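Each of the next two complexes has subunit A plus one other chain: subunit B in the first, subunit C in the second.
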Partner chain A sequence: MSTATNHPRWTRQLAGLVRKDLRLELRTKETVVAMVLFAVITLTIMQFGFGTRDDDLTRFTGGLMWVTLAFTAVLGVGRSYVAEREQRVLDGLLVSPIPRVVLLAAKAIAIVIYMAIVEVVVIPLVGIFFVKGPYWDSIGWIALVALLANVCIALSGTLFSGLALFTRARDLILPVLFLPALVPVVIAAAGATHAVAAGANDMADYRGYCLFLVAYAILFLLVCVATYDAVFDD
Partner chain B sequence: MPDLLVSARGVVHAYGDRRAVSAVDLDVAAGERVAIAGPNGAGKSTLLRMVATLLRPRAGSLTVMGEELPKGARRARMGIGYLAHDPLAYLDLSPRQNLQLYADLYGVPDAADRIEELLDRVDLIARAEDPVRVLSRGMNQRLALARMLLHQPQLLLLDEPHASLDASGTALLDAELGAARADGRGAVIVTHEVERIAQVADRLVVMRAGRVVADEPVAGRGPAEIRARYEQVIA
Partner chain C sequence: MPSSTTEKTRSGRVPGARAALIWGVIAAVLVTVSTIGVFLVAPEDADQGVIQRIFYFHVAIALVSLVAFAVACVAGIFLLRTRSARWDDVGDVAIRLGLLFSVLVVITGSIWAKASWGTWWVWSDPRLVTYLIVVLIYAAYFVLRSSVDDDRRMRYAAIYAIAGFASVPLSFYSVRVANSFVHPVVFTGSGAAMPGSMLIWFVVSLAAMLALFIALLEVELIGRRAERALRRVALALENT
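After this line comes the complex of A and B, so read on.
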């Protein structure tokens, strides 16, 4: 008898892993619901902490939005491998003929989707809480920034959550590694959001920040491809 | 398929300063079933995890499915079926969804039919849509057996495979191990159930303190004789 399979296509492996993560999330609703609640609570606290509805907080919009999303991302990324770790499934994945970078890509795609769901709530809420001006006209541009930033967050987050997975103090180590790596993303995403929010429409600034996010994503993609095999090596 | 499915020479693995496996030699030929027995902490599971490509040898050479590890690990994994202590299944997915995931990872053709066939064989059809979380330990072990066989591996690696199985589950597993031999596949079985070795293996390897202290055929020996020999070796 011979093995019934030849080299499996990585696209099928990737689709299978993403489908699995989404199925788990749909069934348990543990990660996305917690992320959305955390983000809404944080924005609400900031709204009370920074002043009343009469104060014009428009110039802080980008910062308030992206600091909130950065901390929310830590929450989501921290749960990336919870099912594999707690249900002891990781060996099953690692003994299969899957390139380790496909594992990373699947987790990154799931995080991008989770962050996008959070942003569907957060981006309008920021407009309601903090902006006085034509914010809603800029929603499309802000969504594009969010997409780019999500890719950056997902790539760096998945790399660090993979690294933290094999440490005892993983809940402490992940934020310590991940949050500093998010600082450039927060700066660029907040800058790009500020450039288009409230009718500023400084497209030169916006493009610059977006290009920075693209460069960041490419850099982390290369780091992930180069190191992810070693992350999962014993 | 290579004639020698596993070839280990002077393989070493250590956890920190403690050597779990010391200079072990092991060959497993196609169509051969090797049982590894020994007291707790003897290094049996560590050796099995090295052969399964889950741990790297710290020294020595290890070839699995004709691929030298760790370089050829990904190609070797295509031919390995691994049954661990845990079922390696997501508890919040159903048995069918778990098997679908592994079918995707191994690129199993006609996956739906193959999954149906295996669920039927391990008698889980009636519970195929329930979350694994609500299945009994024995059913989990049956699911693990189906997962191991899904991609028709040529080398079966089993760690305490009879644990939690009822009589019919045990018969099913023993039948699979018998079929493996007939098909020219190989198997490495880590077990504490020494009496069962005569039924499921052709060779007995005994480990103690990370070393192989006996490696001999079991053909023609009964359970009592194997038990006596085992006790003698580990004494």
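After this line comes the complex of A and C, so read on.
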């Protein structure tokens, strides 16, 4: 009880909402398992997409990884409001006194966690499948890029999935809205990964791309905070 | 319906027609002058030859498309504050024109790429590529508009116009992230990378494109207002 009163109300609301999403996912295992499987299937298809069976695709490491993760993100983001909508949880949340921005933050945190779980599988797998050269030394740098990119994906994804929620053919609308906005993230994340993977160690490029991701996250955070109230203003 | 608008309509004057006419005349004059100036007066670039003249329009159109997206973003902000349908009209028309201008930027950029590098498309040129992304972002605006109903349409379109505009500086920043880019940068931190005799015609081209945008915006808004008035009349007739 004393813990509850010591924390601001919004942090308890945020923690409760994130716990709700994670508990739901732990019980159903619908989203993350499908995302991981989808990512592995996409990586496998990528190999055949080049037309030649090549063991060394080191120079495409960043692109292979982030195109896969971008498509996987669309899948995960698309599922992020499904439970709320289908079981009318959203109606309850919207009439509750929880600020909209807390709803946004909770969804974004859940997406960051889902993406991180997918990346725990995808990032090593890219090294095993495609890279012939030093890869594992730079795994920490790649993880940092992944963290920054996840925040970007989560912020823009939460906004666009909110917009797509009440549209006709929302499964089609979300990728059309979300993927173009995600292209700069893919460019930067793939560029940063390429800059450090396979012993490249081009830290100037890496820093530039990471700063770009930070700028993207800040801009979309501002846009989300400014507009998210209006998304659910019914 | 606001009384002033009703009065003007009853007196036979179309609201906004005078502004549209003035901007139309300014645009016609400036476009003519800039076309003559760019092709007949401006000096030829020593390195690139005649193809460099496309830059007077290419860069001007690119800048005006950004103005159009900025107008849509501002209209989106005002719509979310006031919930007035006229801001939805402004935002929608601005994005339509911005998208049209952006497509022209990509086409003129592609023509320049063919002349300079021998290929219609160069993926190593981040500015051209990111402009393509901007086109895709704003093309999605219309998909969103067509898939939501009236009440939400205005709000969602406004939010998307704001979010879309956030991607514009990102696309321009991305050109300077990578070390290897090939696009000539006309305006750098130290000023314009062209002599005064070229700069003057660039400024005229820019003014011409800006006037053309404003004229088209005004004309299209007259159409939107007329459409709303007609809908109100139809509704009133149905109720009588």
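Here is the rule we use: the second predicted complex is superposed on the first by the 219 of 234 C-alpha atoms of A that agree within 3 Å, B and C clash if a C-alpha of one lies under 4 Å from a C-alpha of the other, contacts with A are read in each partner's own complex, and residues count from 1 in each chain.
Basically, a residue touches a chain if its C-beta (ideal position, glycine included) is under 8 Å from a C-beta of that chain, and two chains touch if they have at least 3 such contacts.
Keep in mind that what you see is a predicted model, and the values were worked out from it rather than measured.
A.B. asks: Kindly classify A:Arg168 by the partners it touches after superposition: subunit B alone (first), subunit C alone (second), both, or neither?
C.D. replies: A:Arg168 sits against subunit C, while subunit B stays out of touch.
A.B. asks: For A:Tyr209, select first, second, both or neither according to whether it touches subunit B, subunit C, the two together, or no partner.
C.D. replies: Only subunit C; A:Tyr209 stays clear of subunit B.
A.B. asks: Just subunit B (first), just subunit C (second), both, or neither: which does A:Asp233 touch?
C.D. replies: It touches subunit B and subunit C both.
A.B. asks: Look at A:Pro180 in the shared chain and tell me whether it touches subunit B only, subunit C only, both, or neither; answer first, second, both or neither.
C.D. replies: second
A.B. asks: Contact-wise, after the overlay, does A:Leu24 reach subunit B, subunit C, both or neither (first, second, both, neither)?
C.D. replies: The first partner, subunit B, only.
A.B. asks: Touching A:Leu93 in the superposition: subunit B (first), subunit C (second), both, neither?
C.D. replies: In the superposed model, A:Leu93 contacts subunit B only, not subunit C.
A.B. asks: Determine where on subunit A the residues touched by subunit B overlap those touched by subunit C, and list them.
C.D. replies: 233-234
A.B. asks: Note which residues of subunit A are touching subunit C in the complex, please.
C.D. replies: Result: residues 156, 159-160, 163, 166-170, 173, 176-177, 180-181, 183-184, 187-188, 191, 204-205, 208-209, 212, 215-216, 219-220, 222-223, 226-227, 230-231, 233-234 of subunit A touch subunit C.
A.B. asks: Can you name the residues of subunit B that touch subunit A in the complex?
C.D. replies: Listed in rising order, the residues are 1, 52-56, 70, 74-75, 77-80, 82, 84, 86, 88-93, 97, 100-109, 114, 131, 147, 151-154, 183-185.
A.B. asks: Considering only the defined contacts, which subunit C positions touch subunit A in the complex?
C.D. replies: Touch list, subunit C to subunit A: 80, 126, 130, 133, 136-137, 140, 143-144, 147-148, 151-152, 155-156, 158-160, 162-164, 166-167, 169-171, 173-174, 177-179.
A.B. asks: Using the touch definition from the top, list the residues of subunit A that touch subunit B in their complex.
C.D. replies: Its residues touching subunit B are 1-9, 12-13, 15-17, 19-20, 23-24, 27-28, 83, 87-89, 91-99, 233-234.
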